[in-house]
Each structure stands twice: as C-alpha cells, then as structure tokens.
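In the two complexes that follow, subunit A is the common piece, with subunit B as its partner first and subunit C second.
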Partner chain A sequence: MLIEEIIIFGTIKSGVYALLALGFTLIYGISGVVNLAHGSFYMLGAYLFFIIGTLGILGSGTILSSILALIFAVILVGVIGSVTYRLTIHPVVGDEIAVMVVTVCLALIFQQLVILVFGVTFPPVRWPEDSFLMTSIRILGVPVLYSRILAFVASMALFASLLVFITKTKIGKAMRAVSQDREVAMLMGVNTERLYMLTMAISAMLAAVAGILITTSFEMFAGSWMWLHPLALSFSIVILGGMGSIKGSLVGAFIIGYAEQTVAISVPEGGQIISVVPLAVMVLVLLLRPKGLFGKRIEMEE
Partner chain B sequence: MLEVKDLVVHYDGAMALNGINLNVEDGEFIGIVGPNGSGKTTLLRSISGVLTEVEPGKKERPSLSGTIIFDGRRIDKLKAWQVTKAGIIHCPERRRPFSEMTTLENLEMGAYLRKDKDGVKKDLERVYELFPILKDRTNQMSQTLSGGEQQMLAIGRALMAKPKLLLIDEPSLGLAPILKESVLECIRDIWLSGVTILLVEQDVAITLASAQRIYVLAHGKIAVQGTKEELMKNRDVREIYLGL
Partner chain C sequence: MVLSYLRRAHSSFAAHVFDIPPRLMVFLFLLILLAVPITGISDYYMGILTSANVLAIFAVSWDLLVGRTGQISLGHSLFLGIGGYSSALIFKYYGLPIWITIPLAMLIGSLFSVLIGFPCLRVKGPYLALVTMAFPLILYRIVKWAPLTPIFGRVGIIVPSFFHFLPIRQQVIAEFYFTLILLFASSVIIYKIANSKTGIVFMSILDDEVASQACGINVTKHKLMAFVISGMFASLAGCLFVHLLRLAESSVFLLTVSFIPVIITFLGGIGTIYGPIVGAYIYSILDKYVLGQMLPNLLEQWQMTLPTEFEYAKLLIFTSIVVILVIKWPRGIARYTTDRLEDLEEARDLDERGPRIWKRYKQKNRN
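And then the complex of A and B:
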C-alpha cells in the first residue's frame, strides 16, 4: 500500500514537475536568464484560474468552462511573462547578478500583489466539485482522483509537444541555434530580442499550467507563499539534471518527485517537511557530481 | 554597393579599427588581407552588425563610429538581423556551425528569414551541387564533420540566405593546401553566379589569385590597396605587406 502510493503519486507529481522545470531550463538555455520569478508564474496561473472562474465570463461550474479558464489564465500569464521580461529583465541580460536581483524583486512584487488583492483569504483552486474529475478510480488498490490522472497526462503531452516544437519548427530551431551560438544565429537573421520574449512567454505558460494542475489536484487552495516551493523545485531539478538540458529536467523531476513523495508518505509528519526535500536531494547529488547529471545547453537527445 | 567611411572601432578602450575607408561595387570580388590582429574580423563584424549587438547587461561594449552604407541606405545603426535581411551575409571565422544540429538543419537556419519555399528548395539543391559531400552528410551532426566539410557547410549555410553581398572570414583557416584551393574555387563559382564577394584572408597567394581588388590591413588601417598588378609592381608592398 505504502509503496504503491509512492509510485502512483510520485509519478503524477513528477510529471507536472517536469513541465515546471522545462520552463525554467528553457529560458536559461536560450537567454542565459536564471529566472527566480519562475515560481511566481506558477502562482499567477493558479490565481488567475480562480479569478477567471469566479468572474464566470467563460461560463462556470462545468468542466468546459474550467478548461477555458485554464487556457485563458495560461495565455494571460504568458503575456505577463513576456512583457515583464522585456521591461525588467531584458535590460540587464548578460549580467547574471543583476538578473537574479531583478527576478527576486519580481517574485516579491508578485507576492505582495497577491496579498494586496486577497489579504489572508486563500481562494479554492479546483475543478467543479460535482464533475467526474473529482471522483476517483482504483489503481493498484489505491484510489486516485481523475484530476490527478489528468494532471499527469496533460503534463506529459505538453512536454512531448514542446519537444516536437523545438526539434521540428522553424522557431524551435532558431531557439536551439541561439542556445548554441547566439552571435551566429543573429548572423542568420534571428531577432534574438523577440525570440527571448517568446521563450519567456512559453516558459511562464509552462509554469502556469503546472501551477494550475498541481493546485487543482493536490493543494486545492492558493496562497501568497505558493511560489517558493515550485521555485525550489525548478532550481533543484534543473541543477540536478544540468542547466539547459531538456532530458535532464525530465530525469531530475522524477528523482525529486519520488524523493518528495517518499518523505511525504513514509516519514511521520512528512507532509510538513517536503519543501526541503528538493534542496536536500540537490545538495546530495551535487556532492557526488558537481556538474549535475547532464550537459549544459539545450540539447536534443532522443 | 557597400561603402565604409571613416570607420573607427574601440574594444573597451583599445582601438581595433582606426579610420577605415573602403568601397565595394556591385559584382566585385574584393579581398582583404592582413596579419593577425590587424582588424579584419572586426571590420566584417562591424559591417554585419554583430559587433555592437552585445547583450544589454554586459559591461564592456565595443564602440563604433563612422558610416556604413549598403545599397544607398545607412546600415551601421541596424540590428544584425536587419543587415541580414538587407542581403549582407557574414560567414564567420572558424566556420562555427551550430554544433548540435545536423547539416540540413544548419542549412535551414541559413534560410531563416526567407519566405519563398520554392526558392529555398532550389538553393538547397544548388548548395548540394556545389558541395556534393554535404548531401552525403545531410543528417549528420555538424560537430562530427571534418574541418573542410564544416567550412563547406558554413559557406553553404550563408548561401541559403540568398546573399547579395557575401562576407567570408578566413575560409582557408586550418585547411590542407589542396582543400584551400577547392574552397576558393567554390567561392569563385559563387561570385560568377552573381554574388558580390568580400573575402578576408591571411593566405595572400590565394587571395591575389581570386580577388579583383585587394585591401591590405595593418594595425587597424588600410595600408595599401589596389589590383593584384598594382600591388605586385611595388617592391616594398610586396615584401612588407604581402610577404612575397
């Protein structure tokens, strides 16, 4: 029973974490930006999903309206990501320290914004109560909510689509080209500034999707602190897997995901301490392999 | 076609180009020779616009003054991608293929700004005709290509952009003499097909053999210029600058 739960819920969470970390690694691999506001886009995703659902402009109470709210929230976060990137991060790109300072400030600003609007209330972020997503089936004897299955399947599908996008499309190739040799990519006619903005939009959208999927299937409530855990996750997964490595973000996510789930289930009061697990695993692995598990650029091993 | 006037470039205080004047007419084959560190690469990077495209947060940034005019339009303030769009393609020193991409993907990157799918297809055929070896290497990662193949790939990639003016930086670097000859032969073919060429080389002999006019660069200045005959006539020029 214990081991089955670890495997099932570990797999589900790891899948979503992979998506979260993919966004983080993508913008790093292409523009060199270590975006410490990545977790904020995760948080904004969840909040905007709640707000749009509550406003009911896209209908309410049905799975369809929730999915529309999700899509709309994710697009909004993409726009926010891209615009904040252009206005605040782009002017200091190339100066790693300045980028970290700016993105930490962004994270704090987003947190304050959320506190300003929501105060001490914690809005529920979930699928319609009476939809089948809130019912469960038994897998290996463990009851699993359909919303969790959805979270995993959607994450893996998105992860795969992004791989296809990067390998097959013109813009995807330009992204790889920039990550391999920025100057030569410019010589070929790539407008790097626009490409960075697009990459940041995609990166933020991935974080937003992850935020909505995790919150709707595990946490059920949003809070102004909720950007920290995903940031710690992204950071440790990506350092584990190697900064900029797509394959690494997938493998790293599963290592961290299972580790977290193991602690959450098998340690008494484990749920309280899971947020230190990613960092602890990261430190452990780095002690053994200082360069992380994989390479350093956006690479495309099949 | 291309006119460079009073071009001065400083890298972080140190002068690299000190008042360059140069012009290239439509259809010409121009050579630039000069010793290591004389500023040849800096000149090409100034023209193609990458010199000043430093990331915004970087502390050191080269400064550029003077004017560069291409087809009647000032290009020295343009972004690199706009210069590319205008028809100047810069084939960089040390070839620099996108190492984790295949030959074909590299060639596709050359055609990045083009919308004419049929034209791109035709040009791909043309590149494969010019460099048959690349066709055999279509799906091979470019980092596993030999030096000669990488140089062909770099030139082919530049051709895919359909250049009006092609800037080539030291294509013979690190190649065996026989390969040098064949690469230069290909560049002559490209020129004959109507592309204006600005070739930077350290190998004086092959440059003299191909270019219609030659500029000799030394310490960031044009020391002498002229046709092969004009340069060879002068004994000092021959000995001091051309080493012949």
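And then the complex of A and C:
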C-alpha cells in the first residue's frame, strides 16, 4: 500500500514538476537568465485561473469552461511574463547579480500584489465539483482522482510537444542556435530580443500550466506563499539534472518527485519538512557533482 | 538662465562640500548620531535608529561578501538566525549573561559559515546564490519542526534585553549607544579588512577569479575568509536583534529578511562600506517614519486612512525601488555622491579615489 502510493503519486507529481523545471531550464539555457520569479508565474497561473473562473465570462460550472479558463489564464501569464521580461530583466541581462536581484524583487512584488488584492483569504482553485474529474479510480488498489491523471497526462503531452517544437520547428532551431552562440545567431539574422521574449512567454506559460494542474489536483487552495516551493523545486531539479539540459530536467523531476513523496509518506509529520527535500537534494548534488547529472562542465567565467 | 545659474551654484557648493576629507565626514556623521539622544526625541524614534544601527551591521557584512568579493549570497538571514538562536538557546540552557553569549554566538556563526562556506564556495555565480538561498529555507523548516524550539520555532523564553536593570528611558538610550558603538567598531574592522592586502585580494577575486588564481592567490581560502568574516558580523547583528526584540522566531529565516540587506545596499551603494550604513538609515527612516508615521498622519488630515494591507505594500514599494535602482542607477545613493566627488577630482586632475568596482563589473559583463 505504502509503496504503491509512493509510486503513483510520485509519478503524477514528478510529471508536473518536469513541466515546471522545463520552463526554468529553457529560459536559462537560451538567454542565461536565472529566473527566480519562476514560482510567481506558477502562482499567478493558479490565481488567474480562479479569477477567470469566478468572473464567469467563459461560462462556469462545466469542464469546458474550466478548460477555457485554463487556456486564457495561461496565455495571460505568458503575456505578463514576456512584458515583465522586456521591462525589467532585459536591461540587465548579462549581469548575473543584477538579474537575480531583479527577479527576486519581481517575485516579492507579485507576492505582495497577491496579498494586497486577496488579503488573508485563500481562494479555492479546483475543477467543477460535480464533474467526473473529481471522481476517483483505483489503480493498484490506490484511489486516484481523475484530475490527477489528467495532470500527469497533460503535462507529459505538453513536455513531448515542446520537445518537438524545439527540435523540429524553425523557431526551435533559432532557440538552440542562440543558446549555442548568441552573436553568431544574431549574424545569421535571428532577432534575439524577440526570441528571448518568446522564450520567456513559453517558460511562464509552462509554469502557469504546472501551477494550475498542481493546485487543482493536489492543494485545492491558492495562497500568496505558494511561489516559494515551486521555485525551490524548479531550481533544485534543474541543478540535479544539469543547467540547461532538457533530458536532465525530466530525470531530475522524477528523482525529486519520488524522493519528496517518500518523505511525505514514510517520515512522521513528513508534510512539515517536505519542502526541505528538494533543497537538501540540491545541496548534496552541488557538493558531490556540481555540474548535475547531464550538465556540461560549469565553465569558468570569461 | 536660472537653471544654469543654479547649476553653477550647485557645482561650486559641491566643490566645497566635497573638499571635506572623508575622515572628517565620518566624524561629523558620528557626532550627529551621538547627539541624537540629547534632542529628547521619543523612545519610538530612538528604537528606529537603534534598529537602523543593527541593520547597518547586517548590511555591511553583506556588502563585504557581495560588493567586495563578488560572492552573491541571497540567504544572509541564515547567519542572522543562527546568531540569534544560538544566543537565545545558550541563555535558555546555560543561563550565561549576555556579555558572554554575544561572543559565543559570533563564534558559532563563524563556525557555521565555515561549515556552509566549504560546500557553497565550490560553486559560483547563480549556483552560489541558489545554494545560499536554500540554506535558510531548510533551517526555517527544521526550526519549526525541531523539538528544541517547540512552538512555531520560538525558543520559549523571553530573552533579556541588554540593560534590563535601568529605567526604560535610559535603557533605550543605552541600547542606542551600545549598538552605535558596535556598528562603529564592526564597520571600522570591516573597512580596515577591505582596504588591507586581503581586501585587495578580495577585489581581485571580484574582478577576475581566473586571473587571480593564475597570480598564485589561494582563491578558495580568500573566498572562505570573506564568507566567515561576513557570517560573523551578520550573526552579531542577529543576536543584537534577538535581544532588542526580546524573542527568537523562525521568521528570521524568511527570504524577505535575506532581502533587507540587498535593499539597503542598493539604496546606499554596493561595493562601498559606508554605503550600506547610509542605506540602513535611509531604509529605516523610510520604512518606519515616512511610511509608518508621516503618511498616515498626512492622510488623516484629509480624512483618509490607509488600508490594513498597507503593511505588506511597504515591501512592494521597496522592492520596486530596488528594481528601478538596479536598472537605472545601479550605484546607489551614497555612491552617487562619491561619484560626484570623483568627477570633480578628475576634472581637477587629481587621483581617483575609492573603488569603482561596480561600474567596472557592469562594463565587463554588459557586452
């Protein structure tokens, strides 16, 4: 029973974490920005999903309207992401300290804005109550909600389609070119600024999807603190897998997801220290193998 | 016409103001601060200045690590918490007087920074910032979870304040002088270190790590040294805070606390030692007086009140200021004045004074 729970819930969570980490590694690999506001896009996704759902512009109470709300929320977060990138991060790109300070500032700004708007109320973020997504099915004797299965399937499908996008399309090729050598890519006629904005939008959208999927299937409530844990998750997964490596982010997500689920189930009061797990894994990785599992060697600064 | 006249007046004024040697400026600044209690301002404002003193120690220690050595730490609240908790726990379990727990807490803080510095300093740049960010978050959870600190990470006793044997007014004044003396001492020590031979090595690590390694400098040793000195003074600030607020709480480990020295240092100017001190006073006065007292009073005259969420909006304002400062004016307020000084001196064909690390650092990295 215990093992099955770890395997099933670990797999589901890991799938979504992979999506989260993919966004983080994408923007790092392509423009070299360590985006510490990544968790905020996760949070904004959940909040916008709730806001659009309650406003009821797209209808309410049905699965279709919820999915429409999800799509709109994700697109909005993408727009917010690329606009904030253009306004605040772009002027300081290339200066690591400044980028990190600015992105932490952004994360705190989003957090404070959420507190200002919502105060101490925690809006429920979930699928419509009476839909089949809230019913459960038994897998290996463990009851699993359909919404969790949806979360896993949807995130894996998105992950795969993003891989295809990066490897097969022309824009994806441009992205890889820029990540290899920015100047040469510029000489070949790639508009790097626009590409960075697009990458940031994709990255923010991935975070938002992950946020909505996790909150709707596991946590059910949104709060202003919820950006920190996904941020810790995404950077520890990315460091475990190797900065800028897509394969690494998938493998890292599964390792961290299973580790987290094991601690949550087997340690007494494990839910309390669950957020320590990814951080502890990250510290261990940096101690033992700083380049991560699939990363290239950390280059010396030029 | 008026504008050009004003500009000329300003530059001649500035030329005279900046002729004052820096040592005298420091002395005047100190004299003004020493004279503050004589003006008889209320205990609340004295408290603001006292906490500004402690914040200044904290920010100066951050500046030595980040501004002078280039090792970015986004988790400096770790040392603040360790200093505070070790002081409080030593008091709880051994009942030692404060005068012994403070040096002990500093010792524990520096031991911890050696322990944490060894693994952390194997990595650099964004990796270092992420690891340093992770440690206080880990400790935050552990402190809440551990049996040593039962209720929400509180130590469970009321920590004594420094001068509990005095009447309340004298106590406030004594605390102010005590923290001021400690601030003066620690910033002088850090300034001396930063301008000694070791400090020059720190700056060479900031400028180019590989080149300084090639020159035969033991880079790891010096990075660790900066880390330990910084951690030691940050834990001093932490245990001062615990005794001023009279409780140790797990919330010191939060990211927002780690971010206070960043705000202060960017307000004052990164890479100087005096910048964070000025920044700490600006920050405290803005935070507690302008936004906490002046604005509500002003609004009250127009029959308006601030919403209760305004307490959170303060951080919003400060973080926005930092974003704008980093983008538009990356050298801070105190640095701006010294820049003027340097410009004037250059115009008069004199030597450059003071480090210009931040500018050079940006020029190097922006291309």
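Quick note on the criterion: the second predicted complex is superposed on the first by the 295 of 302 C-alpha atoms of A that agree within 3 Å, B and C clash if a C-alpha of one lies under 4 Å from a C-alpha of the other, contacts with A are read in each partner's own complex, and residues count from 1 in each chain.
One rule holds for everything that comes next: a residue touches a chain if its C-beta (ideal position, glycine included) is under 8 Å from a C-beta of that chain, and two chains touch if they have at least 3 such contacts.
Note that the structure is a prediction, hence the values are computed from the model and not measured.
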Could you look at A:Lys170 and tell me whether it touches subunit B, subunit C, both or neither (first, second, both, neither)?
first
A:Asp95 in the overlay: touching subunit B, subunit C, both, or neither? Say first, second, both or neither.
both
For A:Asn191, select first, second, both or neither according to whether it touches subunit B, subunit C, the two together, or no partner.
first
Touch check for A:Gln180: first (subunit B), second (subunit C), both, or neither?
first
Subunit B versus subunit C as contact partner of A:Ile273, first or second or both or neither
second
In the overlaid three-chain picture, which partner chain does A:Val104 touch, first (subunit B) or second (subunit C), both, or neither?
second
Subunit C versus subunit B, contacts on subunit A by residue
C
Shared contact residues on subunit A - subunit B and subunit C
91-92, 94-95, 98, 300
Mind pulling up the subunit B residues that touch subunit A in the complex?
48-50, 53-59, 79-81, 84-85, 89-90, 92, 96, 98-101, 105, 108-110, 112-113, 157, 161
Residue set of subunit A touching subunit C in the complex reads 34, 88, 91-92, 94-98, 100-102, 104-106, 108-109, 112-113, 115-116, 119, 228, 232, 235-236, 239, 243, 269, 272-273, 275-276, 279-280, 282-283, 286-287, 290, 298, 300-301
What part of subunit A is in contact with subunit B in the complex they form?
32, 90-95, 98-99, 170, 173-174, 176-177, 180-181, 183-192, 297, 299-300
Provide the residue numbers of subunit C that touch subunit A in the complex, in ascending order.
66, 70, 72, 74, 119-120, 122-127, 129-131, 134-135, 137-138, 141-142, 144-145, 208-210, 255-256, 259, 262, 266, 309, 312-313, 315-316, 319-320, 322-323, 326-327, 330, 361-362, 365-367
